[in-house]
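First, the structure itself, so that you have it in front of you.
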């Protein structure tokens, strides 16, 4: 049963990821990105990381994917739809991905033998204690990062007066 | 008296500096040249006194005083004087001729704008020559040797406005310098094995027998010193500079290229005779060089028409004789000839000078019949000619006969060649005298204009003429010269005894050669009609061309100079194009190339291997070309490439 | 399902994201590629936490931080894209090359 | 009283003083500049009076007037200044030539302030190199000379000055960075780690033979560029031709000596095995320097380039003298440094004199100046004869000692190198003949003879040349004890040359 | 809660940063320069608290769970703060299009420096990742700050894209690291034996290296540098070329020489190759530049290459070399940029702007010449002492090849540094008015010049500081 779940989820994730990368129409690829992220959330669920599942859904699918959609629509133009979306260095990129995959295959087989042992417990409480205990400083650091990003977004998007 | 011998060299030096820097006025009016003449007079007097002391045995001979000059690495270089019989006679010859030439020059050079500087150079030359004669240290001798070379360069090129004197001066200096290289290496070799340059200590090293130094060393040093002597005394390969040195003023030729400087080479061989005693091969080399030089020079003199060139070739020939004398073991005879030759050759040059002074040309073809116009010069020149040709009982005869005697004892074949050369000597001397003074004048306006030289010039001629006649007799009388000038006591006795039992027909041989030369010259040039001479010349045209061309020596040296010039140009081209390019521009090139490769690598690879697709057309926006390297995606590709290289790095482990 | 499957999945997702980032002509496409790479890393973290180190929850904590940071990055990225779009009205990587190398 | 630091840093004081003088008051700047060089010269003369020549002992380096205070303790680096028989004469030469060059440079008109600032900084570097006895300090002073020379050539130079300046800078730097690596290798190989030349000299037995050879090559690269030895000499003619007169006097007179001094002081004393291994190559390079330099000089038409190539020839003599490890050879090499400095310094001033008047240095452009400018002709001929080694002048004595020292060990090469003397005589006489003899070229009818400034700057050098030629005891007495002791340092090594 | 006293300087900075961002709304644009002065005040205060930490180490040095405050981190915090202060001084006088958002400009600088101070003391990969992200995001924005000019946004975007891409790689690396070791802490010395061969561990370290390499502009990851430096306002370029580079190197020193010692993983050859590549690429591409900012950009890549030598030798001597060189590099680079700003304000950043500077204002030309000579490593200036120390480290631990390449590189670097002096001293001036500078710029310049000469002539005090602060707690 869990095999069926895993394969279907990974199919969803990989196919939509390929869609994101290869489709001509940026709008479609943005939508497919949302689907892919949802798939990833499913994978988290299958791995028993319940808090991750929910935060992935909330932040990625709800937040980032939607944001991407808006920006695509804001900047996209119908004339560009039929343009080829893949630039001319795809052969080089393909070569690099292949080589990297060979490198990765080594460690996949090296670490792949582990099998499921304990059953998953709820992680939310432990995460909460961890964030406010040992990981207090990283937590504050993330808040600083978010504020910086916020300020950045404000600065870039404010209407610029044209220089005379 | 002998204690102050070093002043003989120093005073003229001081005089030359005083004259040079004395007054600004360079012309005849300044009185400083007289100071030079006076100083030289004092030196002459002083040398005569020293000679008297040496001959009478009052002065302790060899007189040897030194003071430390400088130390270097455990050795000490000293500066000092070493006077023996030879040196005493050389002192007299040099000071005498120098004094007479300076007096003669007062008249000869009176119109010259740089009159004062001429006398400064003359004093400087005399000082360095005297320094060479008296010095006890071979290095100091070499120093004076080079200073003599420089003063001859300055004096030959005295009228430097003209290109010929300037070129002749340079040629003289370079050719003698070529010889000096040999001398220099000889000194180095000597010092390497004897660790001293002192002429008093050196003989001990050479008598210490085989163990002390390898056998080849004395011979090598002897031959190398001979190169130096050959350069300075214009022996066979390196004589080319002497005929051209005639460009200088005639008194200069008289002093330097007749009596003193050219004799330095012979004096050097004499001074270092102990080396040649230890190296018989080197001695024989000296003999052969002397013989060949004498023969060749005599033949060349026959073909020359410039009066001073004839005398120059004659000097080269007589020097050859001296070297031959020394080479065959005749130490005394060689030096005796040197002394007598100093007098009559100076006389001949000065007479030639007064002739040129009168007719303002050197070319004998424009002279003739001057005996009536210049009786005194004619008579003195005739005496000089008789002396040099070997007229019996004149000074030349004594010294030449002594040399021929020693040559016969050494090898009869060389004696015959020497005899033939003596005959040739007589022939070309009388050819000169007859062409200049007898017969009808071939250039009438010059003949009209000619007149006898003023007394300040003719008096020195008479003095020298007297010496040419009586010097031989005086010195030969009861072996005064042989006694003083001999290489070690044993040689003196053996020399005198050899003269006693030589075959009596030998003495008449020299007189026969003299008579033959005189008769031939009289037949061809004496009677005024030169038809036979010119016909002879036409028939032997081939021979005459070789002689005029000085056996190709000149052409050889010119070729040598041109070759070194082209080698220099080639090396300089090599230096600025190859080495400079490899090292410097190459380096800059390398960095540039690397930079280009790096940029090419950026453009090519980062541009994507498959760049075929045309640029994307866009409505509006900036139509910038694709090739701008600023594209961000290529940077990403570059980063990804690095990561994939890392992955392969992993796989290799 | 063994760890290898999950690792294979995350590796595949990573490479697809890498390929997308390198080849998409539209900058937003590049950003999407980078998002995929971040998610691949998260899958890795979650998988390792579940299979190799079940006792701790460091894996998911780090994944959480990664999600937060990825969000912050994408915000700045999109703001930049909009800023450029308004000035050069193009979002295509080739054209953005005023600065020469 | 720290006499050496005074001699070294007085010009720096002058330089700083100049910075405060306004740019327009050129005369004040000139007098301060010349004044500080004169002060430095007087200080060095005072140092000479304090120096006791007899003090040399077989210990590697017996130094006098030593100043040693710790500078960077964490590296064990000291501000270590000292002088012995080898370096004192060169310090005197440096200050003397700087004074002469400063006096001559009073005719510089544009940017006088910068000129004298960089000039004085250069003098500090040069004097420092010869006094420094701590490798680090030696290297710092060595590099200090680079920057001022770069600016001096680059701003006041001839037509191709920029290229000459950067070529000079990169070439010397290329050599000196390898010296830096060699220095570091020495530092880490010595225990306890030290840069002090005296300690390094004492502990040379510690270094293995291969190590010494490699480190020697690193140092040799740095010094060969400066000497200049054969393959690394191509910067010299260009730098000389483009440098202004005063600067090329220092460039030829002093900077070339840093190479030879370095070989003697650093390579020989600290790395004897390396030096011994390199001897046969050193002789060959010396021979090439002599003959190749002389022949290249013969092919020149530009007077200054000819003198530059003749410097390569003369430095070849110094290398030859050094290659024999005999007391005579070392004395010859050391004295050749001094005499070449005096003679070539005077030659460059004289070439500058004619260039200022005729604005060309092409030998064939002149003719018959002998009558026109007698004083100039006299001094120029005397200096040329000194340069070609006429006895009675300084050039001969040092040349003679070099050959005398080198002959016993390397008979063939010395005999062949003697031909260099003839070629040198040939090109100098050809130059004298073309410039001073022959008919007067009417273009130079208006040429004036030397003025007071030029005479004051060249006469001390000429007088010294004559005086050292007649009485060489003046320097030899200072150098001889030290150099003889130096040759006895390594009895076991250098058998091939004994 | 671990004793947060250790992190007081970071807290002060971030608090002031937030305050400034807030204050920007209330202060009218005319007076917005006050915000810069406030930022200056804040970084000075932070420096003061650091003084406390140095004065009594017992109290102020210790280890938290994810970070550690030890002499090395204190040393680098001082460098970061010094860089921040210098940059703020330059910013005050640098000419800008409009003074909008000065509050957030200063705030972001403070945030970035807080991030760097965290990075320097981080011993946990998560902490490293977060501080890197904080630095990156704030510098993405700072680079694009001058919105008036199109090129600045483009430069920022390029910088952002490569930054994001590299951090994605780094995150993946961290995930692999977590897989291999089970923790992101680096405190516990990682058992070397097993990992030298495990692909998982090696790939993780190398992937992380991509992220770190980007930050210190190591060779394969350096391509963003010229575009970002040219696009950013010059004070920010100065900031980017000094502070993050130093902080990144400190972190790499801690991670790759102490905690995951690269010799144990036989990766020394790889790192020395990267060092050589960085130097050579930096120097060679700098030869062709004739924009001062791009030239100094490539020169800063080359300088990073030299500093990597200390990192390759992986011993105490090498570490001290990096510290000393970072200190010298701070002053000479800041000085060079200060002069670039002084000239750039009027005539722009092309090399032709420097023509005849010696005749216009000799003092400025000589000072700039000193900075360039120091960058080239000519004694008696700071650069030489730094290079001397680093080359010594290379020679001592036997990296002769690396030493020779480094030495040749410094000769090549002289060529392009001297091109600037060529313009300044050899060419005739175009404008005749001497370049004038604001008070802050002048004092910043003077401070840098004095420091460069002082370190060069009498480096002893700096050497002892460096020696004492080179040891790390774990």
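Order of writing sets the chain letters: A, B, C, D and E. Residues in each chain are counted from 1.
Just so we're on the same page, contacts are C-beta pairs under 8 Å (C-beta built on N, C-alpha and C of every residue); 3 or more make two chains touch, one makes a residue touch a chain.
As the structure is a prediction and not an experimental result, all values here were calculated from the model.
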item	value
Given chain A and chain E, the chains that contact each of them	B, C
Number of steps on the shortest touching-chain route linking chain A and chain D	2
Comparison of B-E and A-B by number of C-beta pairs in contact, larger one	B-E
Farthest chain (mean CA position) relative to chain B	A
Chain whose Cα centroid lies nearest the overall Cα centroid	D
Centre-to-centre distance between chain E and chain C (centres being mean Cα positions), rounded to whole Å	27
Centre-of-Cα separation between chain D and chain C, whole angstrom	66
Chain centre separation (chain A, chain C; CA means) in Å	6
Computed distance of Cα centres, chain D from chain B, in Å	35
Chain B: positions in contact with at least two other chains	599, 616, 630, 632-634, 636-637, 640-641, 643, 646-647, 650
In chain E, residues with contacts to at least two other chains	126, 130, 133, 137, 140-141, 144, 147, 153-154, 157-158, 161, 165, 169, 176, 179, 199, 203, 227, 415
Multi-chain contact residues (two or more partners), chain C	14, 17-18, 21-22, 25, 30-31, 42, 49, 52, 58-59, 61, 65, 69, 72-73, 76, 80-81, 83, 88, 93-94, 96-99, 101
All chain pairs that touch each other	A-B, A-C, A-E, B-C, B-D, B-E, C-E, D-E
Residues on chain E engaged by chain A in the complex (per definition of touch)	1, 7, 14, 17-18, 21, 64-67, 97-98, 101, 104, 107-108, 111, 114-115, 118, 126-127, 130-131, 133-134, 137-138, 140-141, 144-145, 147-148, 153, 176, 179-180, 198-200, 203
Chain E partner contacts - residues on chain B that touch it in the complex	588, 591-592, 594-595, 598-599, 630, 632, 634-636, 638-639, 641-643, 645-647, 649-650, 653
Contact footprint of chain C on chain B as seen in their complex	599, 602, 615-616, 618, 620-622, 624, 626, 628-633, 636-637, 640
Contact set on chain D toward chain B in their complex	167, 170-171, 174, 231-232, 234-235, 292, 295-300, 326-332, 368, 370-371, 385, 390-392, 396-397, 400-401, 403-405, 407-408, 411, 414-415, 418-419, 421-423, 425-426, 429-430, 433, 436-440, 471-473, 476-477, 480, 483-484, 487
Residue ranges of chain B touching chain A (in the complex, touch as defined)	607-613, 616, 619, 633-634, 637, 640-641, 643-644, 646-648, 650-651
